[in-house]
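Across the two complexes that follow, chain A remains constant while its partner is chain B and subsequently chain C.
Showing the complex of A and B:
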């Protein structure tokens, strides 16, 4: 430093005489400190980081197009099982006459299995006539008493049930490749695809396949059923269907050989929280587990973290100055009492106390906003003993110095003596302590929030953003959730430490370079 | 000296009395959810007494039915008799649970303290002897970064890199999956393996302050007159630093290291919780969250005693090491 000054002044040496005051540039103590501070590269770096962090947190929050608790949604497509189709391979039975009972039915099963053309039951002989693929008639002489069938008849109007005679006739028509029958004075036509029509209007359809709706509230129309069954034969996986309203939907067919069920799946779009989306143009740091913009949360989190830090340090410092000042200035029993209180506070293990109070606030369901105030208060009250000790120590030594004797001799009143002459002399150390404890307070707050005991949702803090890693899936896969918050936290605390360190060096006149 | 120690001990007892009182008051003011839950549970058993009766009985059992001050004296009396009660969470006597978990905490603390001293003191001395050099800046930045790193963030980073990406360590826990099938040696190695990450965390987080303390003290010593004299005599720089300066730096260092000895027993609450190491810190965290008053109370009292002990130890050590300090 002296080198520079010499060079700068050598040119002007002719203008000033050797003992001219102007020859030496006189700096006020404040300017000296500033000069020393700004020469410290680390301290300046810290200052810049802090400035950036403040802008990021306090201005960034305003500039961000999103709010702190704005939730984003995305449309998610889920392949949902729409209907299930099974091929009927079990014979079902129609009772066309009262004499066709359980025994006859059991015998029918046997006869079909063994491919017998007749069986005896209850002293009678019945013929089993194969009418076609999937239909057997059980005849007693010329009258059909029962039938075994595979194709299921489902009515167009689901409230209608068909009589056994109707079903038998329809099935007969189907296996014969089409035909017509008359029942109860109505004429019905059956075509080879299984459509049953009455006067050109379709009333029912028979098919080997059972189509069941898998989602509640879905009624499957016969058109859909038909189109689907037609499609099954083609063995294509994608099925497109246009319903009566002209809406086309795509379905995916999946066949499960184990259960012999075709699942017809439909892509259903649902609105979901846009959780853990990767960084993109809209969300530079992605979104968190609630679908909130991460960058915006980070900014607001910074606000809370910095604010908590400042308020706590201010509370602790004010308490520390008042109590330490009293103890130092008055001495005697006041000093003794205050210092014992300081000792007691020093001994209270602060981390467990804060954790217990956090858990208690959880138990009492304190509102998140009020919780932040409580948190500040608790941290502040637990933080003052260090400051008080330092202030007292400084004042004890300053009290004995000549300038204090001078103030006494001048008759300056006590409050003025303390606050105008003693406290300003402690300010350098106070500033250093405050800067350093800002960093550690931010760490304490974020640790608490990380444990879920500090700042709570919906408010963000850098600590509770990192809290997400308690889910190890987030830890592994979503770095963008927690790394930025951790880096912000570390940089801020580091910057406070740099600045505090630089200030200490700058204030300390012994630290010459 | 003896008189001084006796006086300090007396004072410590008084302080402890008040600290315990504050802790007890705090505990009593908590919503006593644990007792209520337990009463609810007990009253629902077939043929049990009503909830109200159970609540009264439990409150009486835990001395929760009397006022805070008489309750405190009752509790204090029990504690002085060495009866710390049963832990509500662990359902065994507090002291037993404490004995179970203190070992691993102490080992963790001891290893990290040794590592800290081995790493921090040489680095601090190097930084001081080469003040304002690149080395000094690097060491200072490293030390400050260590201080500034939040424990939970650093531990999570370690987990991500070494447990998830590299797969060298388990994410949490003190013992591995097949611990029970291992022999003595294998068990020891398994535990040691699981302690690597927690100890690394502890060392990195706490190394900074000791390093900076060494540097500051070394700088102070290097600026003193007898160092100038030693240099003026023409001694080699090596001899000046390691013979004359270092010995005098040792005085505050011994004090601060001695000061942290009682802290070995206090456990590392955050680190143990993060790595689920069943030490005193993790156990007390669990008990605090569960509202287990006896165990939390015991832990906090224990911590207060440790703080008092380390303060006392620091003062005594300072007088023992530095002949210039005379205690009156």
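Showing the complex of A and C:
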């Protein structure tokens, strides 16, 4: 009508002649459907969402700088326990004579604790003489038979062991604040820090602290030990040590009062999977639990989800058209047979079957890529009966229409009758059914993938992306793992349903409520 | 075929007489009734149960009768559109229609066409009109490709359609225009014989007249032969040269329009024609009112099928089925009243 007005101004004559050819614009049924469809706002919204999803999935994957299964790493510092330092508070014993046995040792501790100067054992009286801080000599008369001590002597060369006599002399030297002794013809000097030297050369050190290596294969040098023990007195938490090669390392000291152990921790830098990293410039939606880029996974996941949806629906529709078409067009026993098969398929509980088949594929270790194809095939083969039933019903009713009789009366070929007259009249319902079932197929695929029976790692699908969220920690802390995939899934299914509804209303306006 | 003589043995084969384009003898079409668990045939609907008539070239035969008497089925069975016949013979131009192979049948199709009652369901909704009309023409290569468009335009023009209608779809047309499209589709194949299956009953009266006149015009132009099925007696009187009256699958009376309307012989025909309204308020209508309703064709009465409602019913009528007799030249009736 508006066209008429526009044209009419330029040509007064024509304005008033209402020729049939000027009256209405010719619209084919297809064009009318399109017109009605595009008037439906919800349907157009759905269409736009789908378009965006397709671009996101199929073009996005190409544009993304990362691969689907590209793993990212980051350098991380791990605080590793390097050495443990324990202060010795228990007395150890030196046996200077054979008679100083276990009983005497036990009595010694008792005497030290009760601050007695002597004890009786095995009918003998021993004197306990305090030589200095942390060293007691046990005397039988004037002879020292044993000693109790706290400072431990460790040799510079770990293969060397010292005799009890050597240790006793060294400890005596230490508690006296320095001195020298001669043993087996060798002269040793002891200074007040506990350093034992032989001719200016250090042979051993005595200290109340036990330094133990906590990392296998690491030998703690005496320099390190001395520096560490010196440092302990300062009670500072950070300890810096420069070794003989001039390399400086920083250590952290942690004192555990329960065990009375000083832990010396070293910060070690290692390369780790960049898991669950928050959204950043490099990874717009962060990374997942395998350290793969979430956005890229989402794109590839959409590709698989949409592809599975389409392939499954195409398989189901082709099977449905062929079988439903045969049943409807030929009728009789063909119809009976096919419809009974449909009934059987309706009886099959599809979810358990799919789960069992999924588990079977797990058992057979089917390759993830092949598995996707199997999945499509299984879902497609389980999906055709609905379509077949619809097509059969439509064809049964169309077959009796007079225009079909007319084509027969006109002597038109059977193939042409089917493809030119029957099928085009079934197409509208078919398109609606397909669009609707696309949504539900994508949901099914996602459910299976979520359960770990559908698409498998390393391939992404929206379902198995959400599968990462199998515990509440991830759910609550890493929103970027599951929210985008969930939103994509929801939007796509919603959009398919909108478009399906829109198409249905467009094809048959009477069906609109 | 002597006067007042029974027509020869119904099982004897027909002898082709070139003046008749269509010869139908003892044509039967029974539809099985399926029932029970195994969908066995438990009965038969005798939709057409022995119809015999001959149709001259270039004439129109009206087929009348009440609803459900088998008029439409007769039309379709003649064109071999309802599967296989049950019994009888249909000779089209001397050729038994049911003896043809599917391929030969397809080749014969253009010669015999049908126009349907409902112009709304008889046009494929997804094809443009030009395609609907031209599809079969192209299928049978009736005209060279170069002339195809002109040919369709010409056919459409003959049927009162404009050339620009070609690109439109059936839903854009009114009922009368759609019926014109149906006529154009049938005529585009250049047929010799057209079954008009109540072509005007779905249309309003003014359009009916247009369509009837169009059909008559086209008949003169192309020397067509019509089998005009209708329950509207005034339309039949207007268009037909001969009239057949059907009752429960049987042709009870058959003769020239003039004879039948002037002198109806069969009691059913009399009752039927007495129901034609006379457009004169003073004229007294002597209507014969039939008792009861039409019996079920699945379980037809014995003997003469009309005996349950016939006022002249005798014992013989109940037992014995009457045969077709020629009472006047070209005026046949199936009734025991005329047995003498």
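Quick notes on this structure:
The definition used in the following text is that the second predicted complex is superposed on the first by the 435 of 513 C-alpha atoms of A that agree within 3 Å, B and C clash if a C-alpha of one lies under 4 Å from a C-alpha of the other, contacts with A are read in each partner's own complex, and residues count from 1 in each chain.
Convention: a contact is a pair of C-beta atoms (placed from the backbone, for glycine too) under 8 Å apart; a residue touches a chain by one contact, two chains touch by 3 or more.
Since the model is a prediction, treat every value here as computed from it, not as a measurement.
After superposition onto chain A, the modelled positions of chain B and chain C are compatible, with room for both. Once the two complexes are laid over each other on the shared chain, residue contacts for A:346 go to chain B alone; chain C is not touched.
With both structures placed on the common chain, the touch criterion links A:413 to chain C but leaves chain B unconnected. Once the two complexes are overlaid on the shared chain, A:88 sits clear of chain B and of chain C alike. In the superposition on chain A, contact of A:489 is made with chain B only, not with chain C. Looking at the shared chain after the overlay, A:197 reaches neither chain B nor chain C. Legend: residue contacts after superposition of the two complexes on their common chain; A:290 is shown touching neither chain B nor chain C. Between the Cα centres of chain B and chain C, as seen from that of chain A, there is an angle of 40°, stated in steps of 10. More residues of chain A lie in contact with B than with the other chain of the pair chain B and chain C. Taking all C-alpha atoms of chain B against all those of chain C in the superposed arrangement, the shortest distance found is 6 Å.
Applying the stated touch rule to the two superposed structures, the chain B and chain C interfaces on chain A have no residue in common. The residues of chain C lying in touch with chain A in their complex are 76, 79, 81, 105-110, 112-114, 116-118, 121-128, 135-136, 139-140, 162, 164, 167-169, 171-172, 182, 185, 189. On the side of chain A, the complex with chain B involves touching residues 41-42, 340, 343-344, 346-349, 351-353, 355-357, 359-360, 363-364, 439, 443, 446-447, 450-451, 463, 466, 469, 472, 475-476, 479, 482, 486, 489-490, 493-494, 496-498, 501, 510, 513. Residues 20-21, 24, 26-29, 401-403, 405-413, 416, 420-421, 424-425 of chain A are the ones touching chain C in the complex.
Contact residues of chain B toward chain A in the complex are 11, 14-16, 18-19, 22-23, 26-27, 29-31, 33, 132, 137, 140-141, 144-145, 147-153, 156-157, 159-160, 164, 171, 223, 266, 269-270, 273, 284-285, 288-289, 291, 296, 299-300, 303-304, 307-308, 311.
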